[in-house]
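The same chain A turns up in both complexes below, where it pairs with chain B and then with chain C.
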Partner chain A sequence: MILRLSNRACVLSGSARLKSTLSTFFDEMGKAGIVLKSASTGIFENLALEDWIHDRVDLQNRSMLLLWRNSPVVVIGRHQNPWQECNLPLMRRLGIPLARRRSGGGTVFHDFGNINMTFFTSKKKYDRHRNLKVVTRALKALRPDLDVAASDRFDILLNGHYKISGTAAKLGRTSAYHHCTLLCSVDRSILPSVLKSNTSEVIKSSATPSVPSPVKNLLDVDPTLDSNTIMDAIASQYSNEFGFDSPVIKVDPTHEGLMPGIHKMAQDLQTWEWIYGRTPKFSVCSSIVVEDVTIKLDMDIKNGAVEQCAMEIPENWLPSEMVNEFTSTLNGSKYCPNETAVLVAAFMRTVSMTADVAVKIHRLCAGVVSVM
Partner chain B sequence: MATVITVRAPFAFMRRLVSARLHRHCCSKLQAACFVSRPHSYSLIAGQQHRFFRTSYVAARPVMQFKLSDIGEGIMEVTVKEWYVKEGDKVSQFDSICEVQSDKASVTITSRYDGIIRKLYYDVDSIALVGKPLVDIETDAGQGEGPQEDVVETPAISQEEHTHQEIKGHKTQATPSVRRLAIENNIKLSEVVGTGKDGRILKEDILNFIAGQTGAILPPAPFQEIRPPPPAAAAPSAPAAKPKEKMTPPSVPTPAIPKPVFTGKDHTEPIKGFQKAMVKTMSAALKIPHFGFKDEVDLSQLVQLRSELKGLAESRGVKLSYMPFFIKAASLGLLHFPILNSSLDENCTNITYKAAHNIGLAMDTNQGLLVPNVKNVQMLSVFELAVELNRLQTLGAAGQLGNADLTGGTFTLSNIGSIGGTYAKPVILPPEVAIGALGKIQVLPRFNHKGEVVKAHIMNVSWSADHRIIDGATMCRFSNLWRSYLENPASMVLDLK
Partner chain C sequence: MFGLCIIGRIVCGNVLVVVEMFNLLSQTSQRSAPFCFSRAVKSVKMAMCAALRCVSAALPLLTRPAPIWTCQNSLRPNILRTLYTSSRLSGALKFTDKHEWVRVDGTVGTVGISNFAQEALGDVVYCGLPEVGTKLEQMEEFGALESVKAASELYSPLNGEVTEINTNLTDNPGLVNKACYEDGWLIKMTIEKPAELDELMDEAAYEKFIKSLDS
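This part shows the complex of A and B:
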């Protein structure tokens, strides 16, 4: 059975109507507060679950807390520029995917050592400080000596200095959600390198920048604190804080029957157009060195695609018509190393060139791709 | 159809309460197949008052200033991050207008009205103030098509209208005209799949739902085409052998078939990215005069060899398919027929015989056709080939093939048979001069040397070559050699370098 409940909740009876969805199930439960745990560790499935609850569940008289964790992934905020925020070539080599969430805020790295919490409320009851109190009080209930406190910027700081939680929020027409991370035992060896862009100096953009902060894991200060203990503590503190008698329900975000439309939501979040194409307009201005020749590269990127591309190349290195044809090949293409490689390969097949020109074009392509 | 009685005051534009009643619309003498509409759907909604406005096209339509409402948490200003609409766009109530950001919170601002955007007060990245105007919307009367054009239905208690079709927390978005259509046809909006933005239900969705229920597609307007009975005065010169025809009109009217309403639209988009690459490459390939040569290969022995070696390869961490054998056999063949591994220059004045056998492999990825190549096949063993193929396949699936792997090919094989098919007519990829397409391996009956019928694993190969420099005999001899290596894999051992 997809929904599994903890001891103190009601049982999903087999007589559930065929047409009932998760939403009607919540209505029938009649509880003012519900805690959910996602059974999935896939970022896109979990983000789709957030979307689904935000869009389809009636939150006017009910609030919810969703606890979820993901396999390693970098998540950027709604209006951010991934080329500015993280090291995409490193992520590709390590096989760490990139996701863009629908809420604002900065870039974070998730893995199994990070707990995500999403507080769903009506717009009227949207109160981020109160939500963060749930987290800090839960941690203090577990370990009274722990120095954790929320800051003005909705971060949670450990020992007044290390950031262990960041916040983002999304407000719709009638309801809102506030989600935050909690670093329990995240892999600190990858985190800093993956979140440091290799091309930020060459990019000019108005996208929301992230504010880098020193971070620490809760496990570093107390090796006995593990994610499951912390999640349980947060769930019960949630009930205490808001006066709910919340059952804890495990939800499988891939169950299309219970949540019609959720599969498409997950698909939409994985398209190139959403993850990369949603980047606000930016320009790239870089000098690349190929065969001891310095080449100036200027590109305007809109909706993740090259709107305009200009290159300053010494005439004796490559004839200007060749350069113009090369840049026109890139116009309109996605700002993506794979697509650039394919287009340049087609360019090299169809334009006749000598062997050494071919080598130059090949190296030029490598230089251009290095900023993508 | 609503009949509207209006009284307009002179010299001024005035809106008045009007009452409307739906009449049965009968368009012809025959009443039998008239579309039955609810005579008073509006008053069915108990306890609600409705005002109908008739707006004149002469006077200006009302322009509503839509102010940025309170975001909460005492926030007074936000940054406009993205506009979803521009001036002149038509919006419906609940459509998203823009996305604003404040202090890590992203807020979607939705429209309060149906209408046309007349003015945007902010550019992207400017600061917008709460309580100040965000957009101007001209609320118009042009909702829906046809007879409803003049009439704007604005229920006095708008909240209840919208919640009328909300089923227990399942919010369904639909404009008032769509909701009315649903009510008229006794449809629950929660059962209709919305195909509009944000899952909103459009008129087409209601029509399709009705079609699903009745097996026919009903027209939006209550109009039916009914064929009138053949006129009695037809064909005065009809032969006397059929006297009855003139006299008797049919007693039963011919069944009326409603005209299906197709709401699909053509969709045009520019060619870019991978498609552009393919268009460019294949257009250049047109210049090459292709000739084709097909043959059949008996792979029975190869199938057995591969099944014996598969386990060994896996223990070394490599997946062994048939491709490494096909590619290696091709390379061995190219040693004897180097003209198939050459390139013709643009003026067709020189042939360049390429030393390296960089054999390309046509790959179907989720973005389209990619042809990475394995470099220097002449120096690789079958196992090393399998390793390289694995690497290219993994990169291709992850969308990470680089320029180095995609260029420099001299000869190509396409294993289209892995998806399906027998014979093909592959297109040569310039600047190469030959290409082979491999069909699927089928188990078919064949005669062996003793004249007995045996089970054979048969695959068809389809070669294409550049007839400017390659003749049929060359292609045939190459194909025979390639075939002999595969039909008798032991012979490959003799010639392996």
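This part shows the complex of A and C:
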């Protein structure tokens, strides 16, 4: 299938057709339902693939299911605050990236033990309950004794209690997508700690919050249930449920020729402006302790940048002019530990200060960065 | 003059409009004689066009401010100018096929989503709106409303620049559901190309449109 697609791509790009090649391929297939599997495990490439299909494929008379998995990553919803939802310092230490998706909903952790499913339909045919039935019926077809059911929050619960799947969705001009996760064999030693913020108590925000739930892996109840088996079952149940005769096609989301514009979509999803900058306005109100001195820190963050920064510091510890200069250095900067460190280093080079004050500024900076 | 008034009455049974036409005619007849007739004809023509628009827009479906066609003395001096741009200044709602509405007030358009849209969305939990100063193109995505149903994209009905966003929605996103045509407005924007308004649906056309969607 991949080879055929590549050959088609060569031919079609030569004829300078405006319509993209993967989209035309689907049109020419003439199938009402298609199952796709992504060949990539990169979150940004896969999110871009979702965007691309949603924007460029004609979904009025055709539905699609995309199955995908990613290497470890935390994914937040469109209107969420990452500082509130996950432990960013821990993620940095573990090398786990952060992504923001375009659909709503809450924060999830992905790794190879998690299956993502995206159901693409026209807006009219958008039906999350029906999509989740595909999943629960597929699992029951594999293991009839499995107690799995969708809740009214569109979660899938195992044994009526443990969340094994969460849902999010996006409605566009004429089409929609509903995607959900499925915990098969996710690393549960990491999941709870990365999804617990280290600074949520100091943040005041109107961002959409996650609803934390106890989770379990399907593998915990049945060690023979692996991701590949489950994906195959879901693909065939999809065809059964909707009466499709769906082929399963593997797609490489890095293939720009096949999907023009997909590379830029993936790039856009990786910008600081999208991932952090789209955080709704929030304020941080924290007390940090530096050298036994309690410092009150107040910051307003808009578009991921410090709009306003104020500190209450005892006058005898640091003179107020120094404090004011320090806080104005931070104004307008990204709410980001690296950027803050760089700015403070420059500040320390350009403003004359005694060694004693320099040490204090350095420690103050560390305190401020600890809430980022 | 009398003949023209009879035509006006037949065109629309709206008594108020006929009264206004009489007022117009009496106004013009007070002006200097050589210019009287052509100006009178022009005034009546404009009044009739406006009357037709008034009738077509007068649907008792939505609560909105009273239309300008009331017989009040204060309006008379401005009536000629008003007639030219009546459909754009009347405060009538115009709709897109994406269920957004625009209400024009001078050179600024207020934008929101229709009742049909808010019902379809369910309870709105977050409004993702653009910054003031953002330049928008018609049909360009300018934000999203997140509800229990999904994150739903918002599309600009017009070309223009965002002048104001409804900050009440930050703490009270439910206003979009409770009062989608009033307090639940989303953004205000300048109207770069007023002709775009004419391409949008008026209330009657929009009602027809949503009925056709159910089929």
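Criterion: the second predicted complex is superposed on the first by the 352 of 372 C-alpha atoms of A that agree within 3 Å, B and C clash if a C-alpha of one lies under 4 Å from a C-alpha of the other, contacts with A are read in each partner's own complex, and residues count from 1 in each chain.
Quick note on the criterion: a residue touches a chain if its C-beta (ideal position, glycine included) is under 8 Å from a C-beta of that chain, and two chains touch if they have at least 3 such contacts.
This is a predicted model, so every value here is computed, not measured.
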Exercise for the section: Check chain A with both chain B and chain C modelled on it and let me know: fit or clash. Expected result: clash
Practice task
Kindly classify A:42 by the partners it touches after superposition: chain B alone (first), chain C alone (second), both, or neither?
Solution key: neither
Handout entry: Greater residue coverage of chain A in the superposed arrangement, chain B or chain C
Key = B
Exercise for the section: Give one of first, second, both or neither to describe whether A:333 is in contact with chain B, with chain C, with both, or with none. Expected result: first
Handout entry: First, second, both or neither for A:247, with chain B first and chain C second
Key = neither
Practice task
Kindly classify A:280 by the partners it touches after superposition: chain B alone (first), chain C alone (second), both, or neither?
Solution key: both
Exercise for the section: Return first, second, both or neither, reflecting whether A:24 touches chain B, chain C, both chains, or no partner chain. Expected result: first
Practice task
Figure out whether A:55 sits in contact with chain B (first) or chain C (second), or with both, or with neither.
Solution key: first
Exercise for the section: Could you tell me if A:113 is touching chain B, chain C, both of them or neither one (first, second, both, neither)? Expected result: neither
Handout entry: Residue range of chain B overlapping chain C upon superposition on chain A, of 56-64, 290-298 or 452-460
Key = 56-64
Problem - Common interface residues of chain A - those touching chain B in one complex and chain C in the other - result: 77-79, 102-105, 126, 168-173, 176, 178, 206, 208, 280
Handout entry: List of chain A residues in touch with chain B within their complex
Key = 21, 23-24, 26-27, 55-58, 77-79, 92, 102-106, 123-124, 126-128, 153-154, 167-173, 176, 178, 206, 208, 261, 280, 305, 332-334, 337-350, 352, 358, 362, 365-366, 369
Handout entry: Touching residues on chain C, where the partner in the complex is chain A
Key = 98, 125-126, 128, 131, 144, 146-147, 149-153, 155, 170-171
Practice task
Give every residue of chain B touching chain A within the complex, in rising order.
Solution key: 71-73, 81-82, 94, 99, 101-108, 110, 124-125, 168-171, 198-199, 270, 272-274, 276-278, 280-281, 283-284, 345-346, 367, 370, 398-404, 406-407, 429-431
Fill in the blank from the handout: Seen from chain A, its contact residues with chain C in the complex are 77-79, 102-105, 126, 168-173, 176, 178, 206-208, 278, 280-281, 303
